[in-house]
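There are structures below to look over.
Presented sequentially are two complexes of chain A, the first with chain B as partner and the second with chain C.
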Partner chain A sequence: MKANMLTFTKQDSPIHRLTGATKLIIFVVWSVAAMITYDTRCLAVMLVFSLFPFILSKVKFRDYAFVLSLILLFFLLNQLAIFIFSPLEGVRIYGSRHDIVHLAGRYTLTWEQLFYQFNIALKYAVVLPMALLFLLTTDPSEFAASLNRLGVNYKIAYSVSLALRYIPDVQRDYENISFSAQARGIDISRKEKLSRRVKNIISILMPLILTSIERIDKISTAMELRGFGRKTKRTWYKTRPFSSQDYIALGLIALIAIASTVITFYDGSRFYNLFEPN
Partner chain B sequence: MRSLGKQKVLSIKTIVAIGIGSALFVILGRFGSIPSGVPNTNIETTYALLALFALLYGPVAGLLIGLIGHTLKDAIFYGSPWFSWVIASGLVGLIIGLLTSRISIHDGEFGKRELIRFNLAQIAANAVAWFIVAPVLDILIYAEPANKVFTQGLIAGAANIVTVAIIGSLLAVAYAKTRTKQGSLSREA
Partner chain C sequence: MKKAVIEFADFGFQYRAQKEPTLHGITLTITEGEKVLIVGPSGSGKSTLAHCINGLIPFAYSGEMTGSLRIMGQEQQEMSIAELSDRVGTVLQDPDGQFVGLTVGEDIAFRLENDAIPQAEMLEKVNAAAIAVDIHEFLSSSPQELSGGQKQKTTLGGVLVGDVDILLFDEPLASLDPYTGKKAIELIDRVQREGGTTVIIIEHRLEEVLHRAVDRIIVMDEGHIVADLPAAELLSADLLRNVGIREPLYLTALKYAGCSITPDINPQHIDDVRLDEYAGKLKVWYENNNIQPTSLEYPPLLELRNVTFGYEKNRPVLQELTLRIGKGEMLSIAGRNGAGKSTLSKLICGFYRPTSGTIWMNGRDIGPDSIKERADRIGFVMQNPNHMISKTLLYDEVALGLILRGASVEHIRERVHAILKVCGLYAFRSWPISALSYGQKKRVTIASILVLEPEIIILDEPTAAQDYRHYNEMMEFLLTLVNQGMTVMMITHDMHLMLEYAQRTIVLAGGVKLADDSPERVLGDTEVVRSANLKETSLFTLALRSGLDQPSEFVRRFIAYDRRVRGR
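Right, the complex of A and B next:
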């Protein structure tokens, strides 16, 4: 059960040197921009732009290879599901119909559907490099400071930082409890009857949750004793001032986001239509 | 602990509960789903945890554990957050927390009445979140086909309702048993 997750590794690159706040803003603006537009031209240009910082950052392929394969699998399943549930969604959106081949029953492959699903694929592909980059190059301790800088209440920022701090601990607890349960013959896999499986899961969850509640009591007492939350502001150990690079990066992102939104809504529709009405 | 409700919205205990609860949500969301026997439907134990924490620490904790936990889980293990479902998770925590705020489980009170109330709350919360909010947001944000997202929402919602009804209830009852009841001491003659 080795965790294959995206974690920060310390490296030196222009992307790593950007402050956490800058990267967070870029990630959020980028995701929103990609969410809004369905314009194929914008998405394609954004995809190209998103690959530059990726190369610049020198992140290693093996750091994200597993997650990437998981994403691709999920992504294929989703594409398949869209076609199974709604084979003519593209026809509905683009208002025309050009058949390629009739498969069976109500399933006909059309150019419109292919184009629509291609757009969905692009939409994921555009967000992905930025999301991966954000997670691989942002120090978790700096992350809380950047959330606070963006105006999130520092207490909530602190919760996020606690969550990131305790994910490895909780995972270790979960593994220990579940291994010792398995050693005693408590099985939660498909081999066990469903009713037993549920009972067995409880015997793993209960100690995990009780130790976590105990941990919550302990940490909150410690924080209370140190006077957490007395003041309306706080400073952060990991916070860094903005440099000129940060301003350049933010300016670029703002430009791209505005341009893509303007182009998308210029003709009054979220979708870019290639097809002539028939 | 009885003063939990009287304190500010974000007491230190709530802040810590949000942090640890989110970490639990992430781990259970990734490793704690077990096959239910129905194809493509898993028992997501993480929603039993969310319901329990909303019951224990209130609506704000429920909302933020759902939002933060689900965002982190998606981000760390799948690369990018699926925001429509993230919002739905937050909503589940919020609604359960609001509807169960009068159950004082910290005092070991979790009998038949509380059990029914807890389950009505979780059914309402899951129904709103998965049957309505998640699919509608899927359509608005990702422009996915309506029948696909409503089918997905229906399956996920039903699975979550059953999961919380069984595992969530059992966890709540077991937790209540670890607490000392108010007025449980009696004077010896």
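Right, the complex of A and C next:
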């Protein structure tokens, strides 16, 4: 019943050994770089670079299989939606038109569209391994410390850690509440009319919100009693100093990001154009 | 003369939202290294007193203070909550709610992190504290992997790490099973003796806390201190009963046998009581009170046949479980955390389906029935009433199940009013639920189930978080239901509840049925007691120490006699 969601598993690999802060920076920089560029050459090179640490990290397929399948589904829907809403986006971008086949009405498949959507696919492929890697190899305990190191206020950073701590508890509360509601006759399944269903879901949410508020109240009391927020600075139990590996990794990522940006904008357009103008 | 660490002088406190003060004229001095127990019924002001000591008053709950309170010689009102937390370490009631770290190590370190202690020093201190509370093997475990007792150890470790002068325990036994509770009391005792720390325990379970000696007991009632005595003297006085605190059962038994309780018989611990001629008196009482058990035959109502279930493959929570519940029976299910007690009730209600095996009701396999269909015959009351209440008004909440089943307005009104009368809630029928006490809320949830007219009602820890008076009220109420023909199944590790009210106790351990017998015999079986995290009742020990040959029978006779006396 419980699918293996994106959870950190303790392992030893060069990627696991990087500090959480490094991985967070890499993930952010990498994603931004991949978002900016539509240069096929850059994306292709970045894809190769992203697969390399993925193999290095020894993460197991079953740890992310479920999430991957979900992302692939959204990816397909996204691609379909792009074509449905804007079948000639590629033509507009690349300024040329080479038809492959006319489908129906305003829908004509062109090489430009195909290439444009291929580039989008590549972007997904470039960001995805890094995102998965960040989630699968970063100890949740290090999240908060990493955010704090990047300059985020520790009170906000700690709330990330608290959320991770209490998500399973709130899930359990929800399960209990929905069970008891169902026993009373509150139906939230598709069998019920939509208007009724919304009403029924609200009657489940009410106790969930109330118990969560009660929970938050208890936690904040407990935290206060243990001196949370008394100083402007805070140290972290689970934090690691930067090692040479971290600096190397950060240097590499900076190089790649800069190179990619320079190449992308060198000719004045974010798009790499294969096509002869016609 | 030892240094005073806490000094209340003619102290009073009134919450801002309340008309009357909660504490009046408190004068109390606690000296360095003392171990003090504060007892009192719900609403007696004992928690308010604790909040004044740890600073939650006035920092979290505002109100008006009168008189003076000095902590470590300093006026409380002049200190910040952070300063107070350097001196007073608090272990709160709910081990889950105060576990803020993602792992044991982080939770213990929390205090040090907030004090911005360098990491190297922190690791060392966390290790030392973890060893002191014996949780060092679990430093990287997440709270979901820990038992209630382990979570509490972690919390204690997290408080010890701050090197505080005063340790304050707010109902430390409330959410622990009897065995773990006993271990917690032993741990508190050890920590206190090793560190010379001042310890204040707030509890209403007197007998359990007295498992290890305390220097004195302070009794609170209606905001006043009504007694401040060493344990032996307090137990010899007649005061406890008046304030609704249950005296240790072995003392009640001795009183029934006509023995007078005086400080010189060492009444504070069952192992130390000087029995001498009392043993003879007990024996006479035992022989004169041979009330034969009324053995009743119950027609079967609910049956589980070879039920196996697991949340994950190859990890069964219940294995080949077979049991039978009779119509009109009141029985209890016991077992340590994770033994499958809650799972069992969820299977009966249809929230989960067994992997194999069948569940029968009135001779019919109810396997195909939906949750809703089962709920018409089987009522399930969760431990936390807030998990069940979804309406703001009492009447609406109780009527909800009937409304959803499409009953007529007239019929609903009639049923709801009838049930509210049964549950003693009729006077509150137009009240908002938020204005009710915890025990009343619990009753509301029971009423909202009873209104559907189930044949059996399953309750998860019906008396959790309630003091003796409320415990009594709740259980007597359930008993009246049973007398009217209702079948009641209770999931509990409260041993008093089992002994006094259950006709039968089923013990689960590792997903199998370990025992299925009368509670006094179950609690007399050392092996079962150990594997279900229960503990031997002091009545049993008393019988053994008095040389009675059938201790279980003694326990049974005591309960029967006690019922009759209290029933008057």
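Just so it is clear, the second predicted complex is superposed on the first by the 275 of 278 C-alpha atoms of A that agree within 3 Å, B and C clash if a C-alpha of one lies under 4 Å from a C-alpha of the other, contacts with A are read in each partner's own complex, and residues count from 1 in each chain.
By definition in this document, a contact is a pair of C-beta atoms (placed from the backbone, for glycine too) under 8 Å apart; a residue touches a chain by one contact, two chains touch by 3 or more.
If you're wondering where the values come from, they're calculated on a predicted model, not measured in any experiment.
**Student:** Pick one for A:9: touches chain B only (first), chain C only (second), both, or neither.
**Tutor:** neither
**Student:** If we overlay the two complexes on their shared chain A, which of chain B and chain C does A:239 touch? Say first, second, both or neither.
**Tutor:** So A:239 only meets chain C here.
**Student:** In the overlaid three-chain picture, which partner chain does A:270 touch, first (chain B) or second (chain C), both, or neither?
**Tutor:** A:270 sits against chain B, while chain C stays out of touch.
**Student:** Which chain makes contact with more of the residues of chain A, chain B or else chain C?
**Tutor:** Partner with more touched residues of chain A: B.
**Student:** Give one of first, second, both or neither to describe whether A:169 is in contact with chain B, with chain C, with both, or with none.
**Tutor:** both
**Student:** Can A:69 be said to touch chain B (first), chain C (second), both, or neither?
**Tutor:** neither
**Student:** Go through the superposed model and pick first if A:231 touches only chain B, second if only chain C, both, or neither.
**Tutor:** second
**Student:** Please work out whether A:223 is in contact with chain B alone, chain C alone, both, or neither, and reply first, second, both or neither.
**Tutor:** In the superposed model, A:223 contacts both chain B and chain C.
**Student:** Which holds for A:203: it touches chain B only (first), chain C only (second), both, or neither?
**Tutor:** second
**Student:** Which of the two partners, first being chain B and second being chain C, lies in contact with A:187: first, second, both, or neither?
**Tutor:** In the superposed model, A:187 contacts chain C only, not chain B.
**Student:** Across the two complexes, find the residues of chain A that touch chain B and also touch chain C.
**Tutor:** 1, 161-162, 164-165, 169, 206, 210, 215, 219, 223-224, 228-229
**Student:** In the complex formed with chain A, which residues of chain C make contact?
**Tutor:** 54-56, 59-60, 80-82, 85-86, 90, 92, 94, 96-103, 105-106, 109-119, 122-123, 126, 143-144, 158-159, 162, 311-312, 346, 349, 351, 371-372, 374-375, 379-380, 382, 384, 386-391, 400-401, 404-405, 448, 452
**Student:** Within the complex, which stretch of chain B touches chain A?
**Tutor:** Chain B residues touching chain A: 10, 12-13, 15-24, 26-28, 30-32, 34-37, 43, 45, 48-49, 52, 56, 64, 68-69, 72, 75-81, 83, 141-148, 151-152, 166-167, 170-171, 174-175, 178.
**Student:** Provide the residue numbers of chain A that touch chain B in the complex, in ascending order.
**Tutor:** Residues 1, 3-7, 31, 35, 38, 64, 67-68, 70-71, 74, 81-82, 84-86, 89, 93, 120, 123-124, 127-128, 131-132, 135, 153, 155-156, 158-167, 169-171, 174, 178, 188-190, 194, 197-198, 201-202, 205-206, 208-210, 212-213, 215-217, 219-220, 223-224, 228-229, 270.
**Student:** What part of chain A is in contact with chain C in the complex they form?
**Tutor:** Where chain A meets chain C, its residues are 1-2, 140-141, 161-162, 164-165, 168-169, 173, 176-177, 179-187, 203-204, 206-207, 210-211, 214-215, 218-219, 221-231, 233-239.
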